[in-house]
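In what comes next, chain A is part of two complexes: it sits with chain B in the first one and with chain C in the second one.
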Partner chain A sequence: MSVLFDGLPRRSLIALAVFFGLLLVAPWLVNAYVLSILVVVLYYAYAGQSWNIMMGFAGQLSLGHSLYVGLGAYTAAALFVRYGVNPWLGLVVAVGVTTVMGAIVGFLAFRFRIGGVYFAILTIAFAEFTRIGFDHAPLITAALADYTGISVDKFPALGGSGGLFLPVTNLSSNDLLNLRGAPIMFYYVMLAMTALALAFCRWLLASKLGYYWQAIRENEEAAAALGINVFRYKMIAVMLSAAMTAFAGVFFAFYYNNLFPEQIFSMNRSIELILGPIIGGLGTLFGPILGAFVLSPLADGITEVLQWAGVEIPGVKQVFYGVCLLLVVVFLPNGIWPVLAKRFKLGREQ
Partner chain B sequence: MSDLYLNAALSGALTGLVYGLMALGLSVIFGVVRVVNFAHGEMMTAAMYGAILLSQAFKLDPLVAMAPVAIGMFILGYWLQRGLINSFVTRPEHTQFMLLVAVAIILVNGQLIAFGPNARNVQVDYALDSYQFGSVILDKVRIYAAIAALAVSAALFAFFRFSLTGKAIRACADNFLGAQVVGLDVKRLYALTFGIGAACVGTAGCLLVMLVDVTPAQGPAYTLLAFIIVIVGGMGSLTGALLAGLIVGISEAMAGALFVPSAKSMFTFALLVLVLLFRPQGLLGRTP
Partner chain C sequence: MALLEVRGIGKSFRGLRALHDVSFDVPAGAIHAMIGPNGAGKTTCFNVMAGVYKPDAGSIHFDGKPIAGLRPDQICRAGIGRTFQVVKPFPGLSVLDNVMVGALNATDSVRQARIEALRVLELLHLADKARHVASSLTLPERKRIEVARAMATRPKLLLLDEVMAGLRPTEVDEMVAVFRRVNQETGTTILLIEHVMRAVMALAQHIVVLHYGEKICEGAPVDVVRDPAVLECYLGEEAV
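Right, the complex of A and B next:
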């Protein structure tokens, strides 16, 4: 336990307690609409935290994290819909699938010392490849049957571009075991996972692994010269990040009950996912959470204001995202959290 | 049956030359300014809308509209570099990347607001004409576009090879410090380079608009395509970009002929993975 709170000033501990305390009682304080926004906020906070391990800690820019969200979502949802597999069991399989996928991407890239921009492009390429693959799933299985004679029935049809749907839930009873229930249940599940992810990331950063990652992030050659197995630790980063992201996908599938390759694997999703940590503060522990809390409500606020003004133009919200990102990159290159932490002395003493 | 594939491959190659021109713009910018233009496809989409507007307003053929669009894109690129990107040249790679992602997001959705989500195109009166060579039939527009793409690429090569400014830009790319020592105005040359890259992708847009429909959402896909072409061809190699464009064009067309056209990008990504596996420096790239 001590590693989690070591070196934190008293006021930060109090702030943290107040923050999570407020989130704990939030369902009694806000209406259903605000609660639904909070679920989305926590979702992005969690997914951003997972992504931050790769980019913020180990310095490997992934622009294709929707790949892991989508694979996680599809694995658990397909198992649940076709075979009635419990979602938590499905999560275990999903984590396995995304970890292997992360390992493939990482192996291909790091084996050949592909880094920086090239790596980012490779991650997008994998996500897009998978998106188009899922879009054509029925066609591909049919073609496979044509060429190899393997029957289509052996593969669970994933729905293709028409989407995969989960049976709509009975909202009156909460079934945590099957992840079927009211938004409030999903809210607490996501809150718990966000808190766990925060604690886990703190533990990671303070561990040997975390220091290796930061060394690699700051200067890969120097890290290698010091005897750090750069390849191994970069692999661990991408696999761990992919594994954690799988939960975001499973959650997405069971919360929204529908999956379309076009949406879940889309490049826009990957970008939305990484905006939070970047705006909040790359590589910081609280950055991804802060970023999510700033971004989603702002975007929803904009939509609300526009609706109230009677304007409904698609794209305005995204332009706003773009401008936010631009302003942060230009004026606060380290994100919002480092500035706040310094101003209110919330950070650890260095 | 084999005629069908030959036909597909040849018209794919013609489209591929236009892709090559698009990727040349990216290669020039990355090779010199060392900034990743993540808004490349979005800039091309803007140029395509420019060509559509010019065609609607003045009945301008996209082949003619190339000139005003290229000039407009040059100015846009020049000032983007001067006003925004230049202060990021020495910043970490991911920060530059984020900056251009932001520019890309604004461009895509700005286009969505301005032009709506529906697909648009330009109709030229020779759109349905074709030439027949033996058993091969090729669209007139595709041939024109490919010839124009080759001409613009040749002009670009000549500029970098023979003109004084072109040589100065290459000097900046080769040795940044050396270029400063001999008194080159690096800031201006960077802006010029970005402008030239933008003009390249602008002309490519004018040519492509004759071949495909335009939607605001297509930008990121073309950015990705341009990147893949540059990586497949080899970073910094201009001929490599053109060659890889050709290959990607053919592979897309074959994907359409063998499987379904909507899965064409899968073949392109598979190509990228193959190149990264077996020849990470790209087809014509120098060994690092």
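Right, the complex of A and C next:
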């Protein structure tokens, strides 16, 4: 435990306790609409933290994290729909699938020394062709069935571009074991995962692994000269990030009950996922959470206000995201969190 | 058998011969220097030894084991620490964290690494800057971070690439004292590339001179600085 709170000034501990305490009681304080926004916020806080491990800690820019969200979602959903596999078991499989996918992307890039922008493009490419593959899933399974002689219905049904749907159940009974229930259950699941992810990230950053990642992020050549196997530690970063992102996908599938390749694997999703950490503070522990809490409510708020004013502008959310990013890049290049931490002396004392 | 045995190494870049048939030994516990005019191949020689380049020819044995062609991280773990002539600090990390990354080469415990890093920082008179971000330090200070990081990896052999450049004479003397102390207390073998002859003469027991990628002379400092070939290509008459 001590490593989690070491060096944190008292006021940060209090702030942290108040923050999570408020989130714990929030469902009793807000209406269903606000709760639904909070679920989305926590979703992005969690996913942003997963992405932050790769980019913020180890300096490897992934612009295709929707790949892992989508694969996680589809794996657990397909197993549930087709074979009735429990979502938590499905999560284990999903983590396996995304970790292997991360390993493939990482190996191709790092083995052949594809770095920087080119690595980012590679991650987009993987997300894109996976999207196209899932769009044509029925064709692919049909072809596979034809080729192998195995009957089509033995293959998992992925739904293709028409979507994959989970049976919607009675929202009044909460079944945590099968992840079927009311938004409030999903809220607490995501809150727990966000808190766990925060603790895990803190532990990572304070470990040898965290130091090595930061060294690689800051200067690969110097890192190697200090005995760091750069390839190995970059692989660990990608695989761990992918593994954690799988949960975001599983959550998405069981919360929304429908999956469309066009949506879940889309470039937009990848970008939305990384805006939180960037605006909150890249590589910081609290940045991704702060970013999610700033962005999603504001974006929804703007849409609300405009609707209330009788104006409906399609794409206003995207424009808003763009403006936010621009403002942060220009005025707070390190994100919001470092400034807040400094202003209110919330940062860790070494 | 010497700790480091370099035998006939050669390295060319697209036909430009940077190193040709260079051989020398560094015995355990010694302090040796490598000198020569700019472009003589000194840094290339370091980079070949540190695994940045694979030599085209020749062999390098460290502690009796062949190391030519190993990756930089493998060579560091084998016991060779190096600094970069053009400093490569981890700019966004604190000075302490910079050195801790090096110290983690010798231990898995972050706490141990912190203790070791603070000790090395003390030794290099950087302790009061430990919490500063590395990018905020002056160039001579960043050179000392390079040294501290390399030393924190607990190397048997320390390769120092022009760490005295830009220092004032009193600072040079301080660094000389530090390296002497490290050499005597821990038995760390040191090979340094240096243009500051004040430091070379004070530290080195033996000097290798490179010129146009070839070794033109080696021997005790007093003999090397009188060697006509060395005077002609590098030191000039006034050095005598």
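As a convention for this text, the second predicted complex is superposed on the first by the 338 of 350 C-alpha atoms of A that agree within 3 Å, B and C clash if a C-alpha of one lies under 4 Å from a C-alpha of the other, contacts with A are read in each partner's own complex, and residues count from 1 in each chain.
Throughout what follows, a residue touches a chain if its C-beta (ideal position, glycine included) is under 8 Å from a C-beta of that chain, and two chains touch if they have at least 3 such contacts.
Predicted, not measured: the structure shown is a model, and the values here were computed from it.
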- prompt: Based on the superposition on chain A, does the combination of chain B and chain C result in a clash or a fit?
  reply: fit
Message: Could you work out the angle between chain B and chain C as seen from chain A, using CA centres and rounding to the nearest 10 degrees?
response: 80
Query: Regarding the shared-chain residue A:Q307, is it in contact with chain B (first), chain C (second), both, or neither?
result: neither
Query: Is A:H136 touching the first partner chain B, the second partner chain C, both, or neither of them?
result: first
- prompt: Between chain B (first) and chain C (second), which does A:S173 come into contact with in this model arrangement: first, second, both, or neither?
  reply: neither
Dominant toucher of chain A (residue count), chain B or chain C: B
Query: So, A:M267: does it touch chain B (first), chain C (second), both, or neither?
result: first
- request: Kindly classify A:Y118 by the partners it touches after superposition: chain B alone (first), chain C alone (second), both, or neither?
  value: first
Task: State the minimum pairwise Cα distance, in Å, between chain B and chain C in the overlaid complexes.
output: 11
Message: I'd like to check the shared interface: which positions of chain A are touched by both chain B and chain C across the two complexes?
response: none
- prompt: What does chain B use to touch chain A in their complex?
  reply: 36, 84, 91, 93-95, 97-99, 101-106, 108-110, 112-113, 117, 216, 220-221, 224, 227-228, 231, 259-260, 262-263, 265-266, 269-270, 272-273, 276-277, 280
Field: Contact footprint of chain B on chain A as seen in their complex
entry: 55, 61, 108-109, 112-114, 116-118, 120-122, 124-126, 128-129, 132-133, 135-136, 139, 143, 267-268, 271, 278, 282, 313-316, 318-319, 321-323, 325-326, 329-330, 333
Field: Residue ranges of chain C in contact with chain A within the complex
entry: 50, 52, 71-73, 76-77, 82, 84, 88-94, 96-97, 100-102, 104-105, 108, 110, 113, 131, 149-150, 153
Message: Which residues of chain A touch chain C once you look at their complex with the stated criterion?
response: 206-208, 211-212, 214-215, 217-219, 221-230, 350
